[in-house]
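Right after this note come the structures.
You will see two complexes here that share chain A, one where it goes with chain B and one where it goes with chain C.
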Partner chain A sequence: MTTTETQNAVHPSAQGFSAQFGKLAVTNTPMGVARKPALEAFEQLGIPTTRHEDWKYTNVAAQFKNEAQDITGTDQEAVDASELNLFPFLKANRLVFVNGLFAHALSDVIDEVEGLIIGNLAKYNEQSHLALRENYNHLANNTKEAFTALNTAFSKDGAFIYVPAKVEVAHPIIVVHVTTDGLAGVINSRGLVVTGRSSRVEIIESHQYLGSDETALTNQVLEIVVGDNAAVNYHKLMTDLNLGRHIGNLCIKQGADSRFNTYVINLAGQLVRNNMVVAIDGKNSEAGFYGLYSLHGSAQVDNHVTVNHNVPNCESHQLFKGLLDEKSTGVFNGRIYVKQDAQKTNAFQSNKTILLSENANTYTKPQLEIFADDVKCSHGATTGQIDKNMLFYLRARGLDEAQSKAMLNQAFAADVISKITNEPLQEWLLEQLNLQLNR
Partner chain B sequence: MPEEIDIIDQVTQSDYKYGFVTNVESDNAKMGLNEDTVRFISAKKNEPEWMLEWRLKAFKTWLQMTEPTWANVHYPKINYQDIIYYAAPKPKKVLNSLDEVDPEILDTFKKLGIPLEEQKILAGVAVDVVMDSVSVKTTYKEKLLELGIIFCSISDAIKQYPDLVRKYMGSVVPVRDNFFAALNSAVFSDGSFCYIPKGTRCPMELSTYFRINEANTGQFERTLIIAEEGSYVSYLEGCTAPMRDENQLHAAIVELVAMDDAEIKYSTVQNWYPGNKEGVGGIYNFVTKRGICQGKNSKISWTQVETGSAITWKYPSVILKGENSIGEFYSVAVTNNYQQADTGTKMIHIGKNTRSRIVSKGISAGKSQNSYRGQVKVNANAENAYNFSQCDSLLIGDRCGAHTFPYLEISNKTAKVEHEATTSKIGEDILFYCNQRGLSTETAVQLIINGYCKEVFQKLPMEFAAEAQKLLAVSLEGSVG
Partner chain C sequence: MLSIKDLHASINGKEILKGFGLEVKPGEVHAIMGPNGTGKSTLANVLAGREEYEVTSGEVTFQGKDLLDMSPEERAREGVFLAFQYPVEIPGVSMANFMKVSINEVRKHKGLEPLDAVEFLKVMKEKMRFVEIDEKLMRRAVNEGFSGGEKKRNEIFQMAMLEPTLAVLDETDSGLDIDALRIVANGVNKLKNDGNAFIVITHYQRLLDYIVPDFVHVMYNGRIVKSGGKELALELEAKGYDWIKQEVDATV
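For the complex of A and B:
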């Protein structure tokens, strides 16, 4: 932008949100002070169109035609616990958020260790908690990512998890984001996870849409800081999304000797975009990204993973698998970036897709950008259909065609689910997958 | 390893071996680009009215377009008014034998190690020499004509075979295709035209040596090859250029058309001046190469060895329209010093049972950046399309970069697409193994790199394979992992 005129102009697609901003109470808290600059960044960026390289295959602008307004926190009336999937088979801590605000009555924290926080951002933001003050909005890229900027400007609440040094959280933390039916607009929800040195935590996040018709679009930003020698497992489950539309921005920073794994499972949803960016800033660390999307109808799932290898001796793995039926679309864009100094990096990436229907589409863009020479980096991508020989083998053993196909598809998908270390969760997901494939 | 540093120094300090200037007087166009320049070029070449119209239309299109910025290359903005768009060696009388060719030009080719007289005798290679945009000499033309094969400069073709040229020119790479294609369409100076009639197998490798010679002249080549039903042709293109300080712009277009059962094999060895070791000078190579497999069972195969140019922007592509057609792309791209290459291919599957294969080997050394950018697109109607892609990158030295940007867009469930890419350096264990058996590190690296590129070299015609290996040795002499 060359002239001050264009610099000050608000992008047309941002005007609806801009007008709303005045009504927000901007307080002098970590969340409050971040709002105004983020709004300004968003006003510059506007909602990206398909002309934007990162949004080439996902027409998100079309979703905002009539819904360019923030509705975070509306419609808080009691959501009945029976409507939700609270993973009763797991002994766990539970945090529930309804339309972007914390629902105290539905939540339950069982692990109580000194210093450990399993709570909501709004509360600790008021107290200006040290870990929150030091980390909130530090990883999120407000200047480049329009939806992150929008979120920073408008989000009110979300999970805040602080694990002090040397604490191993005994039970998983389940975070449920509920979106109620019949809404129009954007719900912005936020999250922050800070883990200290040598800590350990498992997070299971589930996005649930009540009602089967299209309702609000959710826009989430989650920042995760992984301390030195810490281990974090993060699951993002979109099994109860119905026809929900979701944009997720996950930003991770890893310290030395740390382990971070993320599992993204999509068995439902109308339009889902997951941006995942990890900065590996400490030596001898490992990052893993595992994704499965099994889609039908006109659903579209778009996974964007960026792994930034900034230091030597680290390893990263990406495995994304897709089963695309009917008119569904799968998009995968993986980027491995190896800095000049990040010698001895091992980075691997794989995207495999099976197209089950004539009308399904897959777009894959696996990228490598390597500036160091002593590295081992590879990526692979395949697209195909069910192997006829395998199908014949199963048919010859008395299974009908549908059963055989479901079995082969399940075997294909189970590859990703089997990476999940939480066994009851793994079993439950296999069951869900089975139900979906045999629907 | 101190030895490594020595060898890296050697590589980074070795100068461009083929840099020299031939003193042939030029008949140049005025610097800059406007309608008059286009008219000047057209008039110089005695072109018919329709060609001028076509050029002017392209020029108007170009004015509306903007230079693309998506490629992973960086260079100062080109001033398109600061370029001479046409330079031709002084017109000579009709040439009957080699003696009549300007001795300076012959000398140039001797320095390149490609003596024309030897070429004539050697292995049946017909050479259409393009020296600064105008064909100076065409050999074997008569012999080819007996078979009905037309092999001449595009300017001659415009005059002699206007129907063919009008039918096919711009049919594969439309004027609007991209900024550089529009530019070329407006100001192209010369190039080759080749027409293989039905059922004919071209008995020899057709070859053209391009050579940029006049300072400040962009060279805008245009090549059109048409292979009729059941025909076969193998076309070779090779390039070297003299040393220059200013960047020279090169925006060529190559169009290939293959009808039913026809096969076109297009091989390139490109060794233009890459700039000196500080990254000053060098050729900007912005090329649009595309072939269309128009007919059933047709095949187009691109093979390229890219070692030169300061900046390469080149994506030889195949549109697989005919049923059962095959597209192939084999590439070795070497960058050294401050060279930047953004190259790859596009395979567009439209017809049923179409197959494509991509093998790309990138080698980056010094402070260079080497990118592979490719697209595989399978349309909804392309039943049983198959693609296999392999993109490997080799890094030599810790200040260079290797990048891969593949786009896979699949809309048909019967499609089978496989893509794999690796990036690594030459393993210390492999070097150790060679050292242990008495090979110096330098020889070992050469051996390993030759092995690494073998799959591509094997696809080159014999004459080129030898030159390619020589070029690789020059570009990466004594390289080290």
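For the complex of A and C:
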């Protein structure tokens, strides 16, 4: 970061936030010291418009007309556990965050192992925990990503998960992010997951909105450091988001011999943008990105995936499927970058969409940048309607048209859900999908 | 049971059925033979209700009801079954789940209670033995990765499950080896009773060695041009179709 930037004018779309920043307590902690430079970066970048190539199909600027203010942490007392989906069918650790702050009373940690932390950032930031100090804000790209910079400047709390070497966390960690009704503005929430060598953890993150109209926009940054020989499964579920709006920035770094899978399921949400960037920095590693978006109304889901193959002998998979009904829109942008040294890379990408209505839209853009010569890379995108022959076959056996379509759509979408290895969760998601398709 | 009168149907503006007529009574097996491209499969698809085919004139009554007025699913529920010539693969839809929904839709229409999981499993196992189909196939997706013979046997299995009043077998014998052919034919013979009927569409006589028809009809140029008993099939096998074509073309 250069010093000249501060002399430049503040981008008009950033001015509301700039004015608020002065009231923020900036402490000498890992989170505190990152704020000012991030604000300055945000002031230069401003909220991206559709002229910005990465935001071509998602008009996020339009969402900021009256809401250019940070409201992280408001309305803490407004939530009752009965209003939330806490995944009662899973024996799990639970961390609940309300409007960006940790809700201790709603949370429950059952796995207690020496050194293991399943907690919240604010607490361990105060203590300047070593793993937090060494990793916080290292993967996040504040100079290029406006929403990441905004988040670093304003976020107060979020999940902090530290899994020491050789620890296999026995139960999943459920992280619930709740947004309450009737808010206008941006809720910034942050997360950091650091896993040591040969550790294992499963994270199930659920974004829930307790209102029915349009609401505050949640802006999340999550950094995940996957240690050598570690295995991390991360699920991002937007099944209880209603008409919520969300921007997510997920940044991952993988060590050698590691496995990382992410499953992004959107069965709700008015406007959702998921940025996912992985740096595969250690040999013999695998990364998987699986996404399903089944939308109706005027909902829009935009998934941007960047896989950076920086070292040899690694494998990555991207599978994103969309079922778009009514006036909904799906966007997929998948970038595979293979460095010159990253020989023997296997990288696969697929985006399949079924348009259930004439008014639904899909935009897909694969980007392959390959500088190594001994690699296997493939990408494919298909868009179509329900297969007529399949539909007729089912109807010829007595299933009505709606039943047949729901069955075919379910089958199309279940392909993604079936990648989830947690069986009770997989079953629950199939049920949710079924409910949504037969709504 | 089934009465087809002066049926005309076209696809993409091209007329395929040109005045087809047929009367089928309970307990009967009708074989429809004929050269390629004479409209045999079109007939099967029109009877099952495929929307790509446009019926331009004529009527089809099934048990006193206007069949052409029904959706494909209504026809299936009323007891019309089409064994597809090319059964489609449906990834992600499990055979067992599909069959359970199917049989219960048909039962609901008949005013019967749906089968629960245990009852369904029992019926399914019994019918699988019937067509000598591997139980493993039921755990797979519909027709996905099935061999040609397995797909055809799967059609007969579904027929056995749904116990239709009228079954139309569209070239179920094509692409089958002799063992599979016998299994398919046995399935049909065991299902046959005084209350149901079969229309067996075939290109070759060999299936009729196993399924003995009451009537054999020769279809040419979109309609039936010759009807007879089972001996007609043997005559066709020996002489081919050319003499029929010549006969018909001479009278036009």
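One rule holds in what follows: the second predicted complex is superposed on the first by the 431 of 439 C-alpha atoms of A that agree within 3 Å, B and C clash if a C-alpha of one lies under 4 Å from a C-alpha of the other, contacts with A are read in each partner's own complex, and residues count from 1 in each chain.
The criterion applied here is as follows: contacts are C-beta pairs under 8 Å (C-beta built on N, C-alpha and C of every residue); 3 or more make two chains touch, one makes a residue touch a chain.
Keep in mind it's a predicted model, so treat the numbers as computed, not measured.
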| item | value |
| --- | --- |
| Which superposed partner A:414 touches (first chain B, second chain C, both, neither) | second |
| Touched partner set for A:403, first chain B, second chain C, both or neither | second |
| Touching partner for A:15 - first (chain B), second (chain C), both, neither | neither |
| Contacts of A:359 with chain B and chain C, given as first, second, both or neither | first |
| First (chain B), second (chain C), both or neither touched by A:392 | second |
| More chain A residues in contact - chain B or chain C | B |
| Chain A partner contacts - residues on chain B that touch it in the complex | 70, 378, 380, 393, 395-425, 481 |
| Interfacial residue positions of chain A with respect to chain B in the complex | 53, 340, 343, 353, 355-385 |
| Residues of chain C defined as touching chain A within the complex | 48-52, 71-73, 75-77, 82, 84, 87-88, 90-93, 98, 101-102, 105-106, 109, 141-142, 158, 162 |
| Chain A to chain C touching residues, read off their complex | 387-390, 392-401, 403-404, 407-408, 410-412, 414-415 |
